[in-house]
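Take a look at the structures listed below.
Shared between the two complexes below is chain A, which pairs with chain B and chain C, respectively.
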Partner chain A sequence: MDTKTWILAIVLLIVGLLVGYFAAGPGQVKTVTTTKMVEKTVTVTKTVASTTSQPAQTTTAPAKKVEVKVGILLPLSGGSAFSGQEDLRGIQLAALHINQSKYPNIKFTMKLVIADTQTKQDVAVTELRRLAQEGVVAIIGAYNSAVTYPSAAEAERIGLPYVVPESVSDKITAQGWKYVFRTCANASKYAYDTLWAMADIAKANGVEVKSVALIYENSDFGVTTTEGLKKYLSKFFPNAKIVHEESYPAEEVTSMDDMVAKLKAENPDIVFHVAYLKDAVLFVQTMKKLNWYPKAYVGAGAGGQTRVEFIQQLGADANYVYTQTEWQPDFLNSKALGKWAWINDDFKKLYGRDMVGSSALNYVGTYVLAVAIQKALDSGANPNDIKAFRKAVRDALETIKIPAGELPLMPWGVDLTVPNHQNPEAAVAMAQILEGKFRVVWPIEFAPVKAVFPAPSWGKR
Partner chain B sequence: MGLELKFTKKLIIAALLLIIGAIFPLFADEFLVSILMQAYLWAFLAMSWDVIGGYGGQFSLGHAAFLALGAYTSTILLQGYNVSPWVGMWAAGVVAGAAGALVGIASLRLKGPFFALGTIAFAELVKLLLLYFKGITGGPLGILITKSGPENMLFETQTPYYYLMFVLMLAGILFLKWFESSRFGIGLVAVREDEEAAEGVGINVYRTKVIGAAISAFLTGIGGTIYAQWIHFIRPDILVKLEYSTQIAAIDVVGGAGSPYGGLIGALILVPLSLYLNALFGGMIAGLSLILYGVVLLIVVVMIPGGIYGLLRRRLRRKLPDQR
Partner chain C sequence: MIELSAYTQLLVSYAILGGVYGLTALGLSLIWGVMKAVNWAHGDFLMVGMYTAFWTVTLFGIDPYIAAIVAFILLGLIGMATHIIAIEPVVEKPGGHEATLLTTLGISVILESLALILWSPSPRSYQNVYKDTFLEVLGIRTSVAEAIAFVVSIASIVAVDQFLKRVRIGKAIRAVSQNPVGARVVGIDVPKIRLMTFGLGVGLAGMAGVLVSTFYPNIRPLAGYVWDIASYVVVIFAGLGTIYGVIFAGIIIGVTEGFGTIVFSNAFRQILVYVVFLAVLLLRPQGLFGKALRRV
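Now for the complex of A and B:
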């Protein structure tokens, strides 16, 4: 190989690296820049936002605020990047609000150190080590349960508090780990709440449910949720029989005609479907094609049916579909949660649309961690002694108890004093798509509207 | 005289590197240790790949499947039957090796890209089978290692894992050193260079290639056990990834395929590089690290076909022509 090609190659490489470097900015510094950018945008509208419900905050921050670093571990590239990026938006907004003193009791500055797991276990574990070395006091992450698990195990080894705001696998909080805390519901709770909600709704409408069908995609998500549904079915529907059960590969499925034809023959009262977006859309389209609809078609596990794209792709055919949902802007129309509307308003100003489940859950997880860090600071722990401070944050997390209504955005509270650190109060709401919008119909006390049950047949719509 | 000097020199260099590697965790911080540790593991996997990919000249793009088979075998034995992975890793090797032979039997009779295609297809098959046999494999939920203790190859801190992978890497190099001068190893290289000629001197080409694939998969299976013991949690979708298969191959190709040191050199360069790039860009422009990683790979593969080890050796030989 001659010298010219060599030089060319090296020059190309250097140019590539430089372009990348300047486009991205180095490691952690870039995070602050984003936060500042975000801050500017929000400050413009701050006067409007703060007069509504939140006590107006002065723009002058207290002179010397302690800065605390928090590590963020999310899949920002690869297959789960879409969700990871949304999670990050929630976390960044929460950090911004904390840094703007929107929560008067939280008096420190949160600096985020962001890392990409690429949805790989080994990468996540390494990045966790790096974050630990950069002096973060706690970790928030990591969306995919299979990645959260090994990285949380590593955090436990190091003695680094780890807050899980969104990964649902039951295993994560089943290990008796001292440093791992989950603010959201686990997979079993999703199943439990699906049945609870539908039992409540059926009862309120005076309908007896005699038969159900379970349809699910065959990955971890579908299988765990369905196992939970089977486990708790008799508790909520003692007289109901499972007349059909079928799973399918979500990535590959192209036709559901056979499945829906079988269902049509069995005609169950409720179909519980654990699905991602594409397969959920296909299922509803196939039901229309075969002109059949159960009394209730329920998306369990807050999967594809809870996405805005579900309504966009199905149009009016999406109406009457029930879907579990972690969060909907409709919550803010309820009396109890209306006071948190300013958070979603800020989100809208930044991203031009409402928050969704992922961003809201991560916002809440970040908030809970911030409350704990503040508690640790109040207890006199020194943030410069990083090891001792992490322990203090862990101890503080273990005392966190926030009643429903005081926790931003969510219709539930947080209680991390339980031995396994799995928040027992986290619940998953049920929404129904009515007139092309997600309307929260359960828990009934947080629901602005009443559910339509049973759903009208295709001909009568 | 010259040869002897070279040998002593080599010995000294090897001993120095060995000592540095062995005492590294004593003075380096944990993050560096964790990166080096992973580099050793990937180096071992790349060396395993090298048996069929480098010495055998048969490109495999499905080694993640053998990795997964090894990881699953020892983990099922550990969780279900209380068999320590110190024993289970050999079973893992055997299962993966048998699978390697199977793929070889099915696709090595043909010349051309069929082995590469066969291994890709096989990896998909393994993923589906792991998902299907829920009763044994846990299906999509995977298996969690809940045992503990060094007798089960599970440690509370990172340092033991470092030494485990260090020894594994050394064992890999020693194996390849022995392998390349063994009768079978020479036969495999002969098959790679010229099948007709190899057949002419009485080598059973097909059988040689199949056994090569089996050995390669056997070693990868053992690597799989170590991976599972380190990560504690295995799941088909996260383990059987084409990305992992290509990474194993890429490390070896960059380092220098068909040599005992290629895997280590490749891993020492590519593993820290990919982790460093991810740390640098992952937080902001996610995915950029992968692009840059790809660029580096491309440059190396196109410009240095023999890998970095090959380049070094050529340079050395040019400098010391009289010592040959």
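Now for the complex of A and C:
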């Protein structure tokens, strides 16, 4: 190639990368990908506050308030960017509320330093090291279990507290790591609660479940969730056989006819499907095409089926689908959780819609970390001695015990005093899509509506 | 185990999918096979086609098949612009074909990034009556959307083939592909023909994007990637420069993929396609329907 050609090729690539840089952070968030930008430390509280109609209270906060930097490690570009951005919204709102002194028990200012994992393990580890150099006292992250795991290992190595509010893979808290804490349920618990819910629902409707099928996307998320399902299946369905089990690559799958045809032949009573949005939509569409529907089609692991877009894209065909749900605005109508409605109201003011599971989980994770940081400050630890302060935050995290009802938004509490730092109280509810809406149907005693089981066939809808 | 009727169902389902692979590969085949330029952004043009369908259908409520025509014209124009910016300045230089790989890679990054800025990474799809209406023959079911995509796929391949053989410009395109210098000597405006070929190839990619989007619920900035890989495999499998070959190669790959998943499992779907693909490359490097290159 001659010089001109090279120049043109390089110019085009640079323009692409520049556009890509701006593309990575649509919405309210400025995505930080380069060293220079990380150094600039994004004060997210300001970004969020400026988008609200209310004056930012952060500026009126007493000047004496200690400022503590917290590192956020999320996929803000790449395959999981959509979810990463939703997570970030929850974290930013929590930080905003903390800085606005909405929680009287928390008296410091939280400054978020955001890094993009690009949904890549190596990038996450590098970014974590950079955040550590930035002087953050703890990390919140990193959505994808496959990314959280290596970055948490690195945090453990350098002695940086790492709060995991959403990644579910069991192995993250199975290593005996001292600096890693998980506030949400792990994959096994998701699986446990899924089976518990479906067993309860089947029993309440007088249906005996004799066969089940397990379909899952073949990354960490699908595999670990399904392992959990297999582990507890005999406990809740002692007479049920697994008649079909199959994994598939979610990114590459262009057709699911083969899987649905196999299922149609085996005709299991319940299909448990661990999926992202696009494959969940394609699966239901294909079941309709091949004119088959099990007694219950269950979205396990709170993946694609729990998203609002699932209903938007499938319309009436989404009805009767069960999906686990970490959080629904419905919860705020309950007596115990009604007092947290203001959080969702603030979220609505910012983004024009309700919170979803991932924003709520990340909000809670940020809150728990803030409580721990406050505890560390109260214990007299000096935030300027970063190494000792990280240790103090870790020690404080290990003493965190928040009973159900006192934790914002969630119908469960947090107990990180357990040896593996896996919150045993986190639970996952079951919803069914009825008349185009997610309705909580389990735990049955708290459910406003009764589950429809078995689901009607396509012809009878 | 699955019954025989289920196999027939799958044969039909995957032959249809293969036909659609043929359609997504057609534009690439034209640009790569005929024009000898590598269009790395092929999948991204497909993606833009998908979004064209999404927005025209959801905003204006028009029929997705009218959107296919809109996408063909729109993407044709975008393709021509791309050609002016990224192909024509380099294609005749020494190493020009490799250079098109780099310049179109740049275009690819730009398109994906713009899509991220404009439309967010969330996968979308739109409801339409075609994917919710089903054809049933002897117990074999398919959605109208997929059947139409298959028929359009074959029709477009025949149309493009006839265009290249019978229409004056088509003949000029072939002349340019075979011997650019000779074409110039007999008075063909080579840059103009290349411009039109690229526009046509990208327009076809856009149209394919719309047809795919009618039944495949995954419109997102990186959606082109899956179909992109399938398209490259189909084009190489068929043999560079063959137009009819594309449809057969597409169907073979579709059916291989479908039956591979039954015999093995879904985790093997890509592996099996590549095994067959490698076997063809080893045994018939010119592709199934291509002519072996002669050294002159």
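By our rule, the second predicted complex is superposed on the first by the 396 of 461 C-alpha atoms of A that agree within 3 Å, B and C clash if a C-alpha of one lies under 4 Å from a C-alpha of the other, contacts with A are read in each partner's own complex, and residues count from 1 in each chain.
Note that in this section a contact is a pair of C-beta atoms (placed from the backbone, for glycine too) under 8 Å apart; a residue touches a chain by one contact, two chains touch by 3 or more.
A quick note: this is a predicted structure, and the numbers were derived from the prediction, not measured.
With both structures placed on the common chain, the touch criterion links A:Gly315 to chain C but leaves chain B unconnected. Of the two partner chains placed by the overlay, chain B and chain C both lie in contact with A:Ala81.
In the superposition on chain A, contact of A:Leu13 is made with both chain B and chain C. When the two structures are aligned on the shared chain, A:Asn384 is found in touch with neither chain B nor chain C.
With both structures placed on the common chain, the touch criterion links A:Tyr149 to chain B but leaves chain C unconnected.
By the touch criterion defined above, A:Asn239 lies against neither chain B nor chain C after alignment on the C-alpha atoms of chain A. Once the two complexes are laid over each other on the shared chain, residue contacts for A:Thr254 go to chain C alone; chain B is not touched. By the document's definition of touching, both partners, chain B and chain C, reach A:Thr5. Residue overlap on chain A between the chain B contacts of one complex and the chain C contacts of the other covers 1, 5-6, 9, 12-13, 16-17, 20, 23-24, 26-27, 77, 81, 85, 218. Looking at the complex, you find that chain C touches chain A at residues 1-3, 6, 9-10, 13-14, 17, 85-86, 89-90, 93-96, 98-99, 102-103, 105-110, 112-117, 120-127, 131-132, 134, 141-143, 215-218, 220, 222, 225-227, 229-230, 257-258, 261-262, 265-267, 269-270. Within the complex formed with chain B, the residues of chain A that make contact are 1, 5-6, 9, 12-13, 16-17, 20-21, 23-28, 30-31, 34, 72, 76-78, 81, 84-85, 113-116, 118-123, 125-127, 129-130, 132-133, 144, 146-147, 149-150, 153, 157-158, 169, 171, 175, 218-224.
Taken in their complex, chain A has these residues touching chain C: 1-2, 4-6, 8-9, 11-13, 15-17, 19-20, 22-24, 26-27, 77, 79, 81-82, 85, 218, 246-249, 251-255, 257-259, 261-262, 264-265, 277-278, 281-282, 285, 288-291, 309, 313-315, 317. Taken in their complex, chain B has these residues touching chain A: 29-31, 34-35, 38, 131, 134, 139-142, 144, 146, 156-158, 227, 231-233, 235, 237-238, 241, 243, 275, 278-292, 295-296, 299, 303-304.
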